[in-house]
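Look for subunit A in each of the two complexes below; its partner is subunit B in the first and subunit C in the second.
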Partner chain A sequence: MLPLPSEDKKVSPYLAFYIVHSMQLGVVVFSFARTIVKEAGHDAWISVLIAGAAIHLILWMTYQIVIKGNNDITVIHRELFGKWLGGLLTLLLATYLMVIFVVIMRAYIEVIQVWMFPELQTWYMGILLSILVYLYVMGGFRVIVGLCLLSFFFTIPLLLSLLFPLANAQFSYLLPVMEHSTIEILEGTKQMAIIFSGFEVILFCYPFIKQGQRSHKWAQFGTAFTTFVYLAATMVPIVYFSEGQLEKTIWPTLTLWKIVDFPFLERFEYVGVSIWLFVMLPNLCLYLWAATRALKQLFSIQQRKMVMPLLFLTVFASTLIENGIQIRQFNTFVDWISFYIVFAYVPFVYLYQLISKKMRRSE
Partner chain B sequence: MKKALFWTVIAAILLFNYNLETKVLEDIQIITATGYDYVDKDTLRGTTDAPFYPQGQDVKPINASFTASGHTIHNIRQQNQREAQRNLGAGRLQSFLINKEVAKHGVKHLIDPLGRSTYIGRDIKLAVVDGSTEKLLTADYSNSQVTSRYLSDLLEESISRLAPETELHTFLAQLDGFGQEPFLPIIKQRDDHIRYMGLALFKDDKYVDELSVQDGYTFKMLHEKFKHGIYEIKYKNAYIAIENLQSKVQYSVSGTAAKPRVTIYVTLRGKVQEGYGLTLHTKAKVHAVEKEWRKEMTTKAEKLIRKLQTLRTDSLGVGERVRSHFRHFPKSSWENLYPNVPIHVEVETNIVNTGIIE
Partner chain C sequence: MIKRNRPGPVAFKRSDVGKLISQCSESADFMSFKLDEDSPFYISYFQTLVDQNIVHQDVLSILKGSKFTSLEEIKDAVHVENIMLTTDVSSIQQRVMLGNILIYKQEAQPSCLLISASKMEKRQISIPETEYSVVGPKEAFVESLDTNINLIRKRIPIPDFQVKELTVGKLSKTRVAVAYIKGIADEENVNTVIQRINDINYDQLIDTSFISQMIADNGNSPFPQLVDTERPDRTASVLMEGKVAILVDGSPSALTGPTALVEFFSAYEDYLIVWSLGSVFRLIRLFAVTFSVLSTPLYVAILTYHYEVIPQDLLTALVSSRGGIPFPPILEAIVLELTIELLREAGARLPTKVGQTIGIVGGIVIGTAAVQAGLTSNVLLIVVALSALASFTTPVYQVSNAIRLIRFPFLLFAQLLGLLGVAVCSAMVLAHLFKLTSLGRPFLEPVYPLRLTDMKDALVRLPFNRQATRPLFMHPQNVLKLQQHSSQKDSKDIDE
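Coming up: the complex of A and B.
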């Protein structure tokens, strides 16, 4: 059992807001509106609200798990399931984090390839991103949290850019409310809930937050803010694009930015894609940090030594995914795993922990 | 030592594999307008305007245009490149012209690359040309140095006061959306000017008919909120010009999904600009003018709507309003329903002032 991190490596509880928010917001913001509109049509915004509410609940469970265990998930796994089964679960979870890392990195590189530099090679951009991620992760957890905070302030102005398309909006596209069946809306909710995932890293970084229990409130605020952002990013494409058009558009949010026009700037989407690097970077860093942390807890290897090999592995893996169709297939597969991690695995650990604590007490 | 070697290798790999094409503004000839003419069913004749800026200080840009035939827009551009002195860049395309004959045969294949491309903005102006786009784009005009500049100013500034707002985005949205059909301004080369001729109506992606400039203005009144232009009405054997200060429109749907009824409420606020021999010092007299104004606008609007219904093109987007009013509106029935839907226009007019004399 490894000791808990020392006080000087921890961050203040309110920073949980930025950690959770920036982890939930990712490169998927560009494309998610289309996937949920395919399921729930113009009622997709209801799906976003329901998904947000569900995520609040799951986040509460996540916090209950780490508060009761008072350590990170690797230790809790070992306590609950024993050395071998617990270790296996931790290893699977770490693999999952690295797979998400590949998905995010490849999706962002695709956006750059389609929107900015068609001739850019995947491995080239992969290495460039990896160097950035390497530098941040080597800086340690506190540096990564600082990056989360920066990413929050960089992206707030981008929210305002959603106001521009409203000038051409047709609000009748939102009506009639609740035209789609409950099943269709729930189908959309399922798609949406996956997009909220990312907050699971709390399972790993909880011991690094001072007075962890107090950070719960902030994490919930973070989720609420993410819900608001996603709500806005769903409503605006719905009123701006006609339904047939939205279903064709692969990156609705980016396409929206095409209409943003400043006298000194003809194409806002290039700025948008570039700033979005700061949204995606904390995601990459924290996933990698969490995965290496898990390996450290498992095998007692120095965390720093794992960063470079893992990065090479991910760059290699992302070059294997060649085109947009493969990216979306891979994405669907990972979404499916994400869904079960968030809505089956977390509640399962929560209940298992609850029962085993009760059993132990009665003994 | 090992570490330094590792980073050197990485840096070298990145340095030697850098292969992004740099685009220096001075080395690119920017396409500002393109137009497409009809050759036969599969072939288009495309003309590209890319003004050339010679080097040096205070030099005037030279009109440069290239024409070629091909099946796809991008092939035509490649053909154009055979003649151009610099690399042609499409990032600042502002006007996109379609010959009427091409429009009659459908424009989907022309619009698709515009919607697909990341280089082209969504606010470029589309227009239908009565006559050859090649002639229009290659001509010199006395009131402008650069042809494409004149064209884009006309489409962006002047026409927007007379015709409903159109741009690439609205066209794409209307094409793919339910219960709405696209429309575009028509322009024509006339002596050494380009002239706005009215509104081209599309059914799906095919040109079907056009509206006169006057009807186009009435169409704008029924389509969107705006505040420009002049209404001319005949009142007691004299003509009065009323400036539009504000025009608002609202659609109201009633009835059932099988028998919808639509009422369009238009609110106009105006200012009398010309009215020789007219004394408007009493409320009653102002009311009389307002009444006449209301009557004329209602007649014009209803006539226009009848015309659209006979053409079976729902350019005003009535179908979208009807759909949003009824839960589970049967979309397939709209096509047959539309020509017979009762659409009424209620105009409310309001003369705010009469200038600095009564």
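Coming up: the complex of A and C.
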């Protein structure tokens, strides 16, 4: 067990807003509208709202776990499940983080390959991204959180660009409300909730936040803001595309950006995909940081020594996924894990911790 | 027997002072003579370091007339500010090298009298050249440390303004002064600065820029981590905010720190004009720097990969200007950027009058000729010239060098990956900036960590009555600048 980080390595509580928000937002913004519309049709926006509410609850549980444990999840694992089982869980969680890392990296590279450079080699872009991740992770947690903050400011103009399609929107597409059955909407909610994942990183970085309890409020605000962003990014495609068209569009947001038209700039998607680098980069950096931090807690290997090998591994893994079909298959698989981590694992640890504390007290 | 008891010339010469004198005597400008035939005193000094007036009027005229027997008597008789009687050889050496007159008695113990008579050549105070402002004070630092401290002290006439003096440099023995206001500046910052200066282990220290490089948190960064200013008013002003200033004897500038990136875009003139104007000018400068770094890379990226992003009408203009040019955009851009750098280097190394000619020859003749010869497009010429112009808008000279430099990696990445390359390179530069600290304080403050209270004097400058607190990032001991009281103006209704 490592000592808690010193004050000068910690960040202010309000930064939890940016951490949570930037972790929940990622490459998936380009494509998620299609997956939920497939399930819930034009009522998808209700799914987004329900998913947002559910995530607020799970985030609350996450915070309860770390506040009670007053350390990161690796230590809490050890306290709750003992050295071996706890260690195994931590290892699995770290592996999950690295798998998500690969998914995000590959998904972004695919967007670049489809929308900007069809000839771009996966390994080439993978190495470039790895260099960036390396630079940030070596700077430590504070530097990564700085990137999270920055990514927030980059998201806003990109969101404003969604106003352009509204000129041609058909708001009647939203009607009738609740046309789809509750089951369908809940199916959409399930899809949506996965997209919100990423905030689990709080389990690892909680000790690095000053006055961690106070940061809870900010983390909830962050989730609220993400819900708003996703709501906007769902509503706009729904009112712009017809339902059949939307189901055939893999990256609705990118397609919408094609409409943006300035006197000096057209085809905004080129700019958008480039700037989106700043939105997905914090995800990569924090996942890698959290994974190496977990491994450090487990095996006491220096974090800086693990960054390079892990990055090589992920670049190698992402080159193995060759085409869009494989990417989506892999994605579905990882989404399934994410879903259970968020909605089964986190509540389980929360309840287990609650009960074991009660038991200990009654003894 | 007798010879042994008498500490004669031979014995004295063996001592350290004797060694020092014989060592110095090898220089042509060292004077050493006996006062009179029958006087026991010897006088030595560097002719080039002492003020002849003091030597003749205050020292020699008194000594020649009367018959002194001990150094103490001379000490009482000579009316010069700084007289010292000492036996410590190292301090004797130090003071002789600073222009003191050394008086010693051949037969006596090796105790010596040192009379300060130094004469240091210095330039008159002139107007600031690199940080000129139309309004406001027109004084600039000169090469004399005492004059520079005087210029600051007269602006802060309080005893809390303190100066710590250190001597650095094995050979140059440079006097370095660390100035700060006690009770406002964070002691930690002061100690960091003093400790880092003491740790300098180098034989020469000619200018503040040496110190700036040696005590920087990251010595390899192209971004300066301490502000280099030649304005005493600016220095005094930041001292009162709680910063620490470093002055070096022989250098016409002061270093102030800790600093943040935004400070490099604030000109002192921003404070001398109305806050609204000052804020707009500051924003223009920020925009100019962004433009200067990104415009040419964006040109290369868009014309190489993504001409689709340019609307049709604009594209027509671009195509007609680029039609028939035999080079790809990257080559065109690099050649033009290098030409501008050449002009700048040539201009900087030449005397002002010739420099202007170079500017005209380079800017107008070469530029027009290159476009007419079909070697470069006039759109790119406009872009490159504008970005060069924009890079000159930074009020602190050192940072404009950094901006000059980072443009080239951006160009390279624009060629590699188009707009995405520009984003990748920006992310790299930002990673560097996020990591950078100035005396241990974050360099990007108040943007990251976000501090809204410090925003009042960062990207914009709010009016003075809003500037109630000192910048928090340097942890001032006394935060409040002014006592705020509710202003009557706001509560009054119309026509009251």
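By our rule, the second predicted complex is superposed on the first by the 363 of 363 C-alpha atoms of A that agree within 3 Å, B and C clash if a C-alpha of one lies under 4 Å from a C-alpha of the other, contacts with A are read in each partner's own complex, and residues count from 1 in each chain.
Criterion: a residue touches a chain if its C-beta (ideal position, glycine included) is under 8 Å from a C-beta of that chain, and two chains touch if they have at least 3 such contacts.
If you're wondering where the values come from, they're calculated on a predicted model, not measured in any experiment.
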item	value
Touching partner for A:Glu266 - first (subunit B), second (subunit C), both, neither	both
First (subunit B), second (subunit C), both or neither touched by A:Leu132	second
Which superposed partner A:Leu149 touches (first subunit B, second subunit C, both, neither)	second
Which superposed partner A:Val11 touches (first subunit B, second subunit C, both, neither)	second
Which superposed partner A:Glu243 touches (first subunit B, second subunit C, both, neither)	first
Touched partner set for A:Leu186, first subunit B, second subunit C, both or neither	neither
Contacts of A:Asn168 with subunit B and subunit C, given as first, second, both or neither	first
Which superposed partner A:Pro176 touches (first subunit B, second subunit C, both, neither)	first
Which superposed partner A:Phe117 touches (first subunit B, second subunit C, both, neither)	both
Touching both subunit C and subunit B, counted on subunit A across the two superposed complexes	116-117, 128, 131, 261, 266-267
Contacting residues of subunit B [partner subunit A, same complex]	10, 13-14, 17-21, 91-92, 118, 121-123, 169-170, 172-178, 180, 317, 320-321, 323-328
Of all residues in subunit A, those that touch subunit B in their complex	114-117, 119-121, 124, 127-128, 131, 168, 170, 172-176, 179, 241-245, 248, 255, 258-259, 261, 266-267, 269
Subunit A residues touching subunit C - in the complex, by the definition given at the top	11-12, 14-15, 112, 116-117, 128, 131-132, 135-136, 139, 142-143, 146-147, 149-150, 261-268, 270-271, 273-275, 277-278, 281
Partner subunit A, residues of subunit C touching it in the complex	305-306, 308-311, 314, 417-420, 422-424, 427-428, 430-432, 434-435, 444, 448-450
